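To start, the structure itself, in structure tokens.
Chain nomenclature is as follows: A, B, C and D, assigned in order of appearance, with residue numbering initiated at 1 for each chain independently.
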Amino acid sequence: MNVTVWNEYRHEKNNEEVTKIYPDGIHQVLASALTEHGYDVKTATLDEPEHGLTEEVLNNTDVLLWWGHVAHDEVDDAIVEKVQKRVWEGMGLVVLHSAHFSKIFKTLMGTGCDLKWREAQEKERLWVVDPSHPIAEGIGEYIELEEEEMYGEHFDIPAPDELVFLSWFEGGEVFRSGATFKRGNGKIFYFRPGHETHPTYYNKQIQKVIANGVKWAAPTTREYPVYGNAKPLEKLEGYKED
Amino acid sequence: MNVTVWNEYRHEKNNEEVTKIYPDGIHQVLASALTEHGYDVKTATLDEPEHGLTEEVLNNTDVLLWWGHVAHDEVDDAIVEKVQKRVWEGMGLVVLHSAHFSKIFKTLMGTGCDLKWREAQEKERLWVVDPSHPIAEGIGEYIELEEEEMYGEHFDIPAPDELVFLSWFEGGEVFRSGATFKRGNGKIFYFRPGHETHPTYYNKQIQKVIANGVKWAAPTTREYPVYGNAKPLEKLEGYKED
Amino acid sequence: MNVTVWNEYRHEKNNEEVTKIYPDGIHQVLASALTEHGYDVKTATLDEPEHGLTEEVLNNTDVLLWWGHVAHDEVDDAIVEKVQKRVWEGMGLVVLHSAHFSKIFKTLMGTGCDLKWREAQEKERLWVVDPSHPIAEGIGEYIELEEEEMYGEHFDIPAPDELVFLSWFEGGEVFRSGATFKRGNGKIFYFRPGHETHPTYYNKQIQKVIANGVKWAAPTTREYPVYGNAKPLEKLEGYKED
Amino acid sequence: MNVTVWNEYRHEKNNEEVTKIYPDGIHQVLASALTEHGYDVKTATLDEPEHGLTEEVLNNTDVLLWWGHVAHDEVDDAIVEKVQKRVWEGMGLVVLHSAHFSKIFKTLMGTGCDLKWREAQEKERLWVVDPSHPIAEGIGEYIELEEEEMYGEHFDIPAPDELVFLSWFEGGEVFRSGATFKRGNGKIFYFRPGHETHPTYYNKQIQKVIANGVKWAAPTTREYPVYGNAKPLEKLEGYKED
């Protein structure tokens, strides 16, 4: 399975605090983790030509991961459209943390995708609420992150097809932090944690969830559906072929 | 409750066959039916200034109905954006028949909304599959339409929140023909029947379903959610106000 | 609309602490609140003949509320079966707090309905996560209860049709605390709060949610579906009537 | 993965027409097909001691298939309870055709599971409506069965978590013929086709769907959730350990 990790890759270059945690970028940490889980992983970043997402790259990607934050607006609409087309065709998409506000996620959801947030080094506890979901494979009752950014409800998304994780935050909020959606022939997994100032993506359980999400989001092998004008499958008196 | 029926209103002016069935436009037939069901109904059409959907009209609309077909592209993107904003704020939206391909529906769904179709005067039978849904109030096991356009699966929408009707077609297809969705604070009901060359919107049961859909889609009265940076609700050591 | 509030009514008679809070029983407080909201309300309790749920009572009940805790096992299986039949026929059911373990709820869910719990006078905050749901009508972003029993995930229910409230608890847990289901022709709303040692049912917002739940769960007026052997609706060569 | 195919195995012994099609029983045809798909398959039938479902068999079963029709009532309630317990623990369950009325399916659904039916050698066409679902892997737009028993809506089940197939029947009905549910830690797939008087289970596409269903229903490896009284995870003033 071919996985592409896309990262905005700005904080890591511009913010010392982030550089210390992710010297080679969030994408490299995710890529290493997914490689360990047995995937064939490539990376792509905003400042590459076509954001690293050429048609060839997209056509050879089974599951795409997306991390973005400060530069959502710099992502070219034409690329967003290509990614959307690929999701509709079957490519899986794993949307991480602040990518809730990415153009691609908002476009696929049809909602504003807004939420409450706070940076206060507070504790997050992600509870599994769908115990038989393959994305929860190997995960205990909850994952505890000592310090994370808070995201709180209302999270302005459509009702998820499946709700896998619910987060508890020290400051009093809750959040639907692991949620699945389908659009066209593609599967989408949104997973909340991963603020750039915390070493969240080094956490083995978080890596396991993301690896599970990639596996779950793998394309289903089928012919693309046929749309448009259709001949009847049964005898139909009123039917005349054009 | 204030209802606005929006109609493209082109076929009725350009196609004699349609003019005979809907001399004053599909919107007028729907408006009469909804008035009989007790709603305060206005209409709006594509060729009016701002398509009849000024900010005042939209702000005073609790539920908007949408019928379009040949001129989806002529709908101004700025108006689509305003309608979307109003749905997100709580306005109900009832999307009829060929409006599956309207800009507003596609934008709210995040999918291509494509389907199979055929004009062959064939029989459609809409089966109720969610018997306790208020949209099925007063409706028998099924509604039979002697002649309708066929829409067939795969219908490229997200999995509906609720599936109320399933259609059987004489030519061999099925279709998820009554489906609900929520986006932001607004409720959306898609209802399949109503091709312009058939007198479907005079059918009392079809009118009843649409009236039920309007009632179901009525806004819920609440404050709009607060998004953005949030102070903790509990004591939090790591928190410093900016 | 005819509402029946069913209560086990044991704690209120046997536990002084509870007697002080609910001297006439939880059912009377709920009945008063629902009467104020415009419903025609009756009550029924475990120790009445047939638990107060005679066929006449059940047949005249549009929505039944259920509160039970220590005496689930004393509820006669024959009565449970009658209630289930009525739900399948269309009667709404509002299941409160510890009634998660009632025979009727477990039977309708098909799961164990177990959960984590703790009595520690801790704070509960119920967040609205489905802002357009009629059950959230008139409710702010969250409801805060200074002291309640904790219920924590995993809550062993099927994935709800709709998730309206999520609870945050001071001790570190979350809970799907407002959830809807449909069974047969009936609608079911589970609502978490209401431990007998806390005055939760006097809280005006909690009363409002329960009143909204009753309204939402009201029966849809339709003929009961026809099941069993069915003649074809279309000409079928292979068909011979028996 | 260990699969057990359970079959009532009565029609095949008592009805010549069925014997000709399934001389060794439906279970043997299913077992062969699943073996070809790479599973380790065993069979069990009603008339074996404990219906072939001893605790050892159940404990070593990852996914159980269930076919029954005329003898649902002969299935021992104690065995049903054991199967339910295993599903709650994580065992997958694939429920076939007339097993919609099996004790185990009705118990897990919480509904009557009734439907319309007709034996008239009519055509069934199963349309894929969830194109990215792994159960649809390798399946075309639809599967056509020249002759099958008809099952028609309303099918009295809870709203499925996912709807994969919709059936069209020649006589005018539709049916939700491929549907998934979760109960406890177990996954359930209901798949409609397979009347005993038709050679449906020899159909390669039907076999593929069932094999896909088995794969999808495989247990997720996690610790069983902890229920009951729970110590707080955060400091809680009101908490005293018992």
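Note that in this section a contact is a pair of C-beta atoms (placed from the backbone, for glycine too) under 8 Å apart; a residue touches a chain by one contact, two chains touch by 3 or more.
Nothing here was measured: the structure is a model prediction, and the numbers come from that model.
For the interfaces A-D and C-D, the C-beta contact count is higher for C-D. Two copies of one chain, chain A and chain B, touch each other, and the residues they use overlap strongly: the shared fraction of interface numbers exceeds half.
If you average the CA atoms of chain A and of chain C, the two centres end up 36 Å from each other.
Measuring from the averaged C-alpha position of chain C to that of chain D gives a distance of 30 Å.
Remark: chain A and chain D have CA centroids separated by 32 Å (rounded to whole angstrom).
Shown for chain D are the residues that touch two or more other chains, namely 125, 128, 130-131, 141, 152, 154, 159, 161-162, 170, 172-173, 182, 184, 225-226, 233-234. Contact residues on chain D toward chain A in their complex (touch as defined above): 90, 125, 128, 130-134, 136-141, 161-162, 170, 182, 184-187, 219-223, 225-226, 233-234. The touching residues of chain C, when paired with chain D in their complex, are 88, 107-112, 114-118, 120-122, 147, 150, 152, 154, 156, 158-159, 161, 170-173, 181-184, 225-234, 236, 238-240.
Residues 125, 127-131, 141, 152-155, 159, 162-163, 166-169, 172-174, 176 of chain D are the ones that touch chain B when the two sit in their complex.
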